[in-house]
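You will see subunit A twice below: alongside subunit B first, and alongside subunit C after that.
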Partner chain A sequence: LCISGGLPQPTNITFLSINMRNILQWSPPEGLQGAEVTYTVQYFIYGQKKWLNKSECRNINRTCCDLSLETSDYEHQYYAKVKAIWERNCSKWAETGRFYPFLETQIGPPRVALTTDEKSISIVLTAPEKWKRNPEDSSISMQQIYSNLKYNVSIYNTKSNRTWSQYVTNHTLVLSWLEPDTLYCVRVESFVPGPPRLAQPSDKQCVHTLKDQASALKVKI
Partner chain B sequence: GLRRCLISMDIHHIEEAFQEIKKTIQAKDPFQNVTILSTSETLHRIKPLDVCCMTKNLLAFYVDKVFKDHQELNPQILRKISSIANSFLYMQKALRQCQEQRQCHCRDEATNATRIIHSNYDQLEARSAAIKSLGELDVFLAWIDRNHQGTSA
Partner chain C sequence: QEFQFGPCRVEGVVLQELWEAFSAMKDIQAKDNITSVRLLRKEVLQNVSDAESCYLIRALLKFYLTTVFKNYLDKAADSRIRKSFSTLANNFFVIVSKLQPSQENEMFSISESARRRFLLFQRAFKQLDIQAAQTKAFGEVDILLTWMEKFYQF
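Up next, the complex of A and B:
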């Protein structure tokens, strides 16, 4: 047992959620630098009866706790709370707002495959996967959860220094009428219409359109 | 289902309006152990055939009960709730046309689910029930969004 309220509360307690991987994170209480503070986490399923312990997040040193499994039913809503403990003192609980994974999780970038010829680039997109507990568990695509999942494809012509983007609903896109022998770079972001969500673009991928065979031939003749 | 009934209603501007007041509204709801829409027992069991009736019943629930019971002093929140209420009135009007064309039939499933929601509401004092129902608007809007894709932009 500890003296409640003897310590300031942890701050900035929020869920960081990407593809339904839901990590509770917080900042240490102010003014306790150097003290060996530990933390204990509990969570609550909105509409149910009581707060539940997360045994792996009892008396921990780190300032985060993976609650993905406990919040895996993304149709439900949740709360979480954390308190700081140091020696015989502990803080009051610091609590999140109501967390609704279905509406709040960030949709990670898709996998992007590029193939090219002289004047076009073919882009094939694979939707990101929902978090799963074990690697051998069957995969669920975020597309299955969000049937209206779209992609924002940004294309950058390194020669003309020009960038343009377009929204795509299906998984393949062919960029035509490009310049031969030019380096193009592509970034893609997943997007679900509805309440605003943070977005993570894919890593930049670049590909070179082929030399124009016709002009190459003329040079030979 | 409503797919044929809901005339191109853009849900996203309602979601955005709610998003701006959601944290404030939900923070005013002290009863975390009670829900009104109780999603798993009601909304998620609704079949496509009952979507129109369920939407009609829930719009009426919000317009005739929740917005009336809710008392709000903050003008910014009041403005957002009024804009949401007006959007709901527009959707009700659209559904009325469907009813006249007999495309919004109510079966027991939708009627029972609606009864559960009203019963949940009536177990709380009116103002608490109203604030809780407003705090669950994101659930209702997400359900509409999922069940009426193709009609909303």
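Up next, the complex of A and C:
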């Protein structure tokens, strides 16, 4: 037992959620630098009665706690709270707002494969995978969770310095009428209609269109 | 882009606008302190057949318009919230006005099933103080929209 309210509360308590991996994170209480503060976490399912313990996040030193398993039912909304403990004192609980993973999780970028020829680039996209508890668990694509998953493909022509983008619903896109012998860079973001969500673009990938064989032949002749 | 609640089709409603309207008002959830009660719980919305969906959505949206949203504008001081609220309410009104569920006898058991679901919601609502219930129901519009999206053709 500890004296509640003897410490300031942890701050900035939020869920960081990407592909249904739901991490509770917070900042240490102010003014306790150097003190060996520990934390305890509980979570709550909206509409139910009791706060539930997360045993792996009792008296921990770190300022984050993975609640992915506990918050994995898409039909539910959740709350979480954390308190700070130091010696015989502890803070009041600091609580999140209502967290709705189905609507709030960030959809990670797809895997992007590029192939090219003289005047076109073929783009093949693979939807990101949902978080899974064990690596050997079977994979679930985020496409299976969000049937209306789309992609925003941005293309940058390094020679003309021009950028354009387009929305794609299926997994392949062929960019035609490109300039030969030119470096193009591509970034892709996943997108789901619905409430605004943070987006995570893919890393920039660049590919060179081939030299124009016809003009190369003329040169030879 | 249209809703297809079983046989009931509703055109002219852009679901993304409803999402954006609600997102602007999501802070209302922080005013709902009765976290042990969820009005739109699984028993109300889970496994609703297409045929049932028209009856259920009509009952729910009519309730939202007549009871949940009632007098809300008087309380909404912030103009951005008022604009979002109007977007939500007007679109709900459009949907309700376009829903024409069948009244034929053979549909009685289906409409009854939908009515039982709605009564679960309404009973839970009435067990709360009216202001708390309005705030809670308003905060659950994201649950309602998530369910409605299943019937939306992008």
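We take it that the second predicted complex is superposed on the first by the 221 of 221 C-alpha atoms of A that agree within 3 Å, B and C clash if a C-alpha of one lies under 4 Å from a C-alpha of the other, contacts with A are read in each partner's own complex, and residues count from 1 in each chain.
The rule is short, and it goes like this: contacts are C-beta pairs under 8 Å (C-beta built on N, C-alpha and C of every residue); 3 or more make two chains touch, one makes a residue touch a chain.
All values reported here derive from a predicted model rather than from experimental measurement.
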Assess the superposed three-chain arrangement around subunit A: do subunit B and subunit C clash, or do they fit?
clash
Between subunit B and subunit C, whom does A:Pro193 touch in the aligned arrangement: first, second, both, or neither?
both
Name the contact category of A:Asn161: first (subunit B only), second (subunit C only), both, or neither.
neither
Regarding the shared-chain residue A:Lys49, is it in contact with subunit B (first), subunit C (second), both, or neither?
both
Quick check for you: in the superposed arrangement, does A:Ser176 touch first (subunit B), second (subunit C), both or neither?
neither
Tell me the contact category for A:Gln33 with respect to subunit B and subunit C: first, second, both or neither.
neither
Give one of first, second, both or neither to describe whether A:Leu103 is in contact with subunit B, with subunit C, with both, or with none.
both
Intersection of subunit A interface sets (partners subunit B, subunit C):
44, 46-49, 75, 77, 79, 97-98, 100, 102-103, 148, 193-196
For the complex, give me every residue of subunit B touching subunit A.
11-12, 15-16, 18-19, 23, 26-27, 32-35, 38-40, 44, 135, 138-139, 142, 145-146, 149, 153
Complex contact set, residues of subunit A against subunit B:
44, 46-50, 75-77, 79, 97-98, 100, 102-103, 147-148, 193-196
Can you check the complex and tell me which residues of subunit A touch subunit C?
44, 46-49, 75, 77, 79, 97-98, 100, 102-103, 148, 193-196
In their complex, what parts of subunit C are in touch with subunit A?
15-16, 19-20, 22-23, 29-30, 32, 35-38, 41-42, 46, 139, 142-143, 145-146, 149, 154
